[in-house]
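Please go over the structures that come below.
Look at the two complexes coming up: subunit A is in both, with subunit B in one and subunit C in the other.
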Partner chain A sequence: MIDAEWSEHCSYKSSKALLKTLPTSGSRVLLGPGYDAGVLDAGDGCVVSLHIESHNHPSAVDPYGGAATGIGGVLRDILSIGTRPIALIDVLRFGNIGESQRSQWLFRNVVRGIADYGNCVGVPTVAGEVEFDESFERNCLVDVACVGVGRRRDLVLAQAKNPGDIVVMAGGSTGRDGVRGATFASKSLARDADSERSSVQVPDPFMKKLLIDSILDALETGEVKGMKDLGGGGLSSALPEIASKGGTGVELDIRRLSLREPDVTPLEAMISESQERMLLVLDRVRHKKALSILRKYGVPATIIGHVTDDGDITVKDGADVVARLPADFLANPPLIPRDSRAPVRQSDWVEPESPPDLSKVLLSLLSSLNVGGRRWIYEQYDHEVGVRTVLKPGQADAALLKLPNGRLLAVKADGNSAASALDPYSGASGCVAEACRNVVSVGAEPVAMVDHLQFGDPGDARVYWGFEEAVRGVADYCRGVGIPVVGGKVSFYNEDQLTGRPIKPTPIALVAGLVDKDERFVGPALKGRGDRIVLIGKTSMELGGSAYHSTVFGVQNGVAPRPSPQEDRRTNSAVLRLIRAGLAESVHDCSKGGMAVALAETCMGRSIGAEVELQGAPATRMGPASLLFSESHGRYIVSVRKPNLSKAGGLLARARVPYAVVGTAGGRSLRISLRGRRLVDVDVAKIIEGKESSISRALGEEQ
Partner chain B sequence: MIISNKAAAKDPEGDVIYQDLVKSRFSQAESVRVGKLLRFKVKAAGSLEAQRLVQTMCDELRIYNPAAHQCHVSPGRLSE
Partner chain C sequence: MNVAVVRFPGSNCDLDVVKALEGTKGVRPKLVWHEHGGLDRFDAVVLPGGFSFGDYLRAGAIAARSRSVGEVRRLADRGVPIFGVCNGFQTLVEAGLLPGSLLRNSGLRFVCRWVTLRVENNRTPVTGRCSKGDLLRMPVAHGEGRFFLPSAELDSLKKDGRVVFRYAQSTERDGRGCNPNGSLDGIAGICNKEGNVVGMMPHPERAVDSLLDPEGRSDGSVIFQSLASALGGAS
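Then we have the complex of A and B:
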């Protein structure tokens, strides 16, 4: 039990001290880190919950089942605080699927696992993000995030406060699957990962659907006093947590558990990670209604024990006590101080000369795996089930969902492994900045985020340094823009045992934003011929980790883009004001591939070209290729109808935001010039063709 | 060759058939497990060689995932 609960996966013993430096409070925050999900006040008694989880190690062994049970896990987190899961967001990392059979196998099956589970359980997958890099060849990353909605008065905490209350196991039976999963996730993948047999769990989305509906129904009785999902570490992790939070103890009889096989030992039962199980704490006297509701749905529910006042977790096998440990001792493992050491880097990087044909460069960027379209992935997902989805994948920079109170919720997750590998501080703050921009681009005000920090072995001082830098980056940026971190996850030991190399550091940020009732929202696509194109934000020479570098030169070196929270705060609020005032016809942010890719993307939606002259664009001194492809943060491309141009310009000038009117929408091709010299001239049809075919081409599915 | 979830793992499809269909009518039945059947026709000197050949194919081609599934190969007759 100690092995499971004190594993890195459950205890955060290497990361907790640093995570405490993140800003976690805000006017909308009802529940912050330390609970199964962060909860925000969305107004009118309506709450929004967010959580992110990963299932990297299981997915590397069994991509289909691993990804599916990852979804199952994050749905349980949202459910366990009493909210209904309404949308999934997935963030994936694989090796080069164009070259590696293994990565193709992982990629196809992870996507299928997410699709099958999400589609069956009736929760739409609305957004996501993918990168391909060879450091993920044998350790793919499968991060799944979920948002939920509920009513403030229905929130339930993971605690057992009243001695005498009964403890109930609801849902699936307990088997040997997932035994030692948490310990498994807390070590590097063994050379022969296939032999990790007991850690594989079998997904059962239909049981999960019943579990969700029955538990939300049972909450109405008021008989549920506490709730906790059974995830990593199983009972041996869930019991100490609810007891420690409530200041109580729990006594349970292992024989009352519904077991799938007769010969499961008490130890295996305590650490089993069998899926689709929830732990409920019900009122000692009034619990019949809740139990009968669960059974009405066909969800097995068994009373396995009760809350005590002795502060101990007591495990009995019939009359015999087989384990007794103080709950606080189990739930609060000693933290491990880790050494960190900054790697020595050579700083003599000289930007190579760009190829002469920049149109060709743009097209090769658009059709590269890391910039190309994601239709191949998201067309496998049901993104509309539940009929809340207002903006779907592929339609805008962030997904938009309708909340019961009439507001709209925007969500998007982002990460940048290449930039994070060069400079984890910039990479981590950059992914928060990018996710915020994506949410702002549809017209939503960012209100909170959850992060997911994925690294190699924390015992390696260079890896741990990267982790420290990433946490500092997220903390500084969030403080600067005033966005609380309401939850998150850390995953260590992501490394390739065959080569011994850790994955590229991969911080991920999921940002949620709100659009007020009757406020406007917009998409990224140019809308009308003749509309003027405004570039907002300043371009600096920041090509480190850029798509341009890796596509054209096959290198990742140089200065990674570093966002400025102070400037971003001003820019974001100015862009929101443009949208709300009805002055912006379309808004798209500049991210991977820089300004040129962003411009090309705005042409795609309605097949409208653009004529652009970058002479006045706010930028430091640099060559034309750098101007086109630098990935500086804080930039947007906004289209404005001609009559609104002066108003929009006035608004931006008053906000002290650098901008320039750089072009006009129209024609069938994207033409970009600099001081009269034509840099890019590409047909919109070619842009669309290149961008949409990148994944299927890599998989050899091209017709 | 029959592929099924490992004996220790859950089998949701089999569970549903058992719980919602079989259990209420046939009390003698204790569980149902679902699998996938692949029938190979191969050239081999005898059934043992055929069995080994099919096992090799399934292992090397990753027709099942050894982390999640078990596979059972047994020889049959050509007429089947």
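Then we have the complex of A and C:
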């Protein structure tokens, strides 16, 4: 039990001290890190919950089951605080699916696992992010985030406060699957990782759907006093947590558990990670209604023990006490100090000369795996169920969901493994900056985030240095723009089991934002011919880790883009004011592939071209290719109707945000010039074709 | 007029259909748990989408043998309007209340996408307020929606005018895959001989709120308004 609960996966023993430096409070934060999910006040008694989980190791050995159970886990986190899961967001990393059979196998099955589970359970998958890089060849990353809604008065905490209350196990039966899963996740994959398949849990989305429906109904009875999902570490992790948080103890008899197979030993029962199970603490006297609701849905529920006042976790096998340990001791493992060492980097990078045909470069970027369209993935996900999805995958920079109180919730997750490998501080702060921009682009004010930091073995001082830098990057940026971190997750030991090389550091940020009642929201697509195109934000020579570098030169080197929270704060609020004032017809942020890719993407939605002259664009001195493809943060492309141009310009000037009117929407092609010299001239039809076909082409499928 | 929306374990569009009906004048929806029965108190029955009983065995196969669907069979014989959407359609086909099979999509993958439907028959309880040839936009979301019927039966289905909806091409951009699942003859929805039992794969309940429609339309509303009219409940 101690092995499971004190594993890195459950205990955060290598990361806890650093994670304390993140800003976690804000006016909307009701619950921050340390609970199953972060909870935000969305107004009018309505709350929004957020959580992110990963299932990297399980997905690397069993991509279908691993990805599916990853969703199962994050759904339980949202459910266990008493909120209804309303949206899933997935962030994935694979090797090069254009070249590697193994990566194709992982990719196809991870997507299918997410689809089969998410679709069946009836929670729409509304947004996501994916990158392909060879460092993920054998250790793919599968992160799933979930958003929930509920009422403030219905929130339930993972605690057992009242001695005498009964402890109920609801949902699936307990088997040997997932035994030592948390331990498995807290080391590097073994060379013969296939032998670890029994560490992967078995998914049952149908049972999860019943669990969700029945528990949400049962909450209405007021009989549920505490709730905790059974995830990593199983009972050995959940019991100490509810007892320690409630200042109590728990006594249970493992013979009362409904077992899937005979001869499950007490130890296995305690650390099994069988899926679709929830632990409920019910009122000692009033618990009949809740139990009968579970029964109506056909959800097995058994009373396995009760809350005590002795502060101990007492495990009985019939009459025999097989374990007794203080809950606080189990729930609070000792922290491990880790060494860190900055890697030595060469700083003599010289930007290579760009190819002459920049139109061709643009097209090859658009159709590259890391920039190309994601339709192949998101069409396999039901993104509409629940009738809340206002802006859908592929339609805008962030997903937009209707909340019961009339507000709209924007969500988007981002990461940049290439930039993070060059400079984890910039990469980590950059992914927060990008996710914020995406949320701002649809017209939502960022209100909170959750992060997910994924690294190699923390015992390696260079890996641990990257982790420290990433945490510092997230902390500094969030503090600078005033966004609280309400939850998160750390995943270590992600490395290639053959080469022993760690994955590229992969910090991920999921940002949530709100659009007020009756306020405007916008999409990225140019809307009207003749609309003027405004470029907001300054371009610097920041091509390190860019899509341009990897696509054209196959290198990842140079200066990674570093966002400025002070400038971003000003820019984001100016863009939001443009949208709310009705001055912006469309808004799109510049990210992977830089300004040129962003411009091309604005042409796609309605097949409207644009004529652009970059002479006045705010930028430091650089060559044309760098100007087109640099991935500096803090930039947007906004289209404005001609009569509104002076108003919009005035607003931006007063906000001291650098901007320039760079072009006009219209025509059937995107033409970009610099001081009269034509750099790019590409048909919009070609842009659409290139962008839409990238994944099917890599997989060798017909469109 | 009272409309029952049957909830099976695993239904996941039940609340969405209830919401769509709540916004329709002249009908009062009620969620009915599949074991509870009493469907004969209702003027129409909707079988919503989802994964009833986890879609184990085959989509809709277990639900088709449930107590509720037994009742639905008797109501259908009496001419009561029965409307199945997505998994509800699959259930009606599995129950033999509608002909044919709904096979795995030709692309072998689940597909969630907005499509255009052409109304082929406006004499059913859910298309009465449409004109033949009307084009409606709404999403599909299914893994098994490829309608199939042996050719002789298909001919008589067509001859009897029992094809209610077909996937259609409305704009240039729809050219790519306007038939999302490889359905025979582009069939998206059909009815029984009497016309009171209708099943369709696309989700009209997801196209009621114009805010959720990428084009700001609300083409799904006409389906529910038609139902209200058919029940004599709409003004």
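Keep in mind that, in the parts below, the second predicted complex is superposed on the first by the 701 of 703 C-alpha atoms of A that agree within 3 Å, B and C clash if a C-alpha of one lies under 4 Å from a C-alpha of the other, contacts with A are read in each partner's own complex, and residues count from 1 in each chain.
Note that in this section contacts are C-beta pairs under 8 Å (C-beta built on N, C-alpha and C of every residue); 3 or more make two chains touch, one makes a residue touch a chain.
Here the structure is a predicted model, which means the values were calculated and not measured.
*Asks:* Just subunit B (first), just subunit C (second), both, or neither: which does A:Asp518 touch?
*Replies:* Touch status of A:Asp518: no partner.
*Asks:* Once chain A of both complexes is superposed, is A:Trp105 in touch with subunit B (first), subunit C (second), both, or neither?
*Replies:* After superposing on A, A:Trp105 lies in contact with subunit B but is clear of subunit C.
*Asks:* Classify the contacts of A:Asp263 with the two partner chains as first (subunit B alone), second (subunit C alone), both, or neither.
*Replies:* Touch partners of A:Asp263: none, neither subunit B nor subunit C.
*Asks:* Kindly classify A:Asp348 by the partners it touches after superposition: subunit B alone (first), subunit C alone (second), both, or neither?
*Replies:* Neither partner.
*Asks:* By the touch definition at the top of the document, which applies to A:Gly172: first (subunit B), second (subunit C), both, or neither?
*Replies:* first
*Asks:* What is the contact status of A:His383 with respect to subunit B (first) and subunit C (second): first, second, both, or neither?
*Replies:* Once the two structures are laid over each other on A, A:His383 reaches subunit C alone.
*Asks:* For A:Phe206, select first, second, both or neither according to whether it touches subunit B, subunit C, the two together, or no partner.
*Replies:* Both partners, subunit B and subunit C.
*Asks:* Once the two structures are superposed, pull the subunit A residues common to the subunit B and subunit C interfaces.
*Replies:* 204, 206, 298
*Asks:* Under the stated contact criterion, what part of subunit B meets subunit A in this complex?
*Replies:* Interface residues on subunit B, with respect to subunit A: 5-6, 8-12, 15-16, 19, 62, 65-68.
*Asks:* What does subunit A use to touch subunit C in their complex?
*Replies:* Residue positions touching the partner: 112, 115-116, 119-122, 204-206, 209-210, 296-298, 378-390, 392, 395, 402, 607, 703.
*Asks:* Using the touch rule from the top, collect the residues of subunit C that touch subunit A in their complex.
*Replies:* 9-10, 12-13, 15-16, 19-20, 33, 49-51, 53-56, 109-113, 139, 141, 143, 173, 176, 203, 205-206, 208-209, 211-212, 214
*Asks:* Touching residues of subunit A toward subunit B in the complex: what are they?
*Replies:* 61-62, 64-65, 105, 172-173, 175-177, 193-194, 196-198, 200-204, 206-207, 260-261, 274-275, 298
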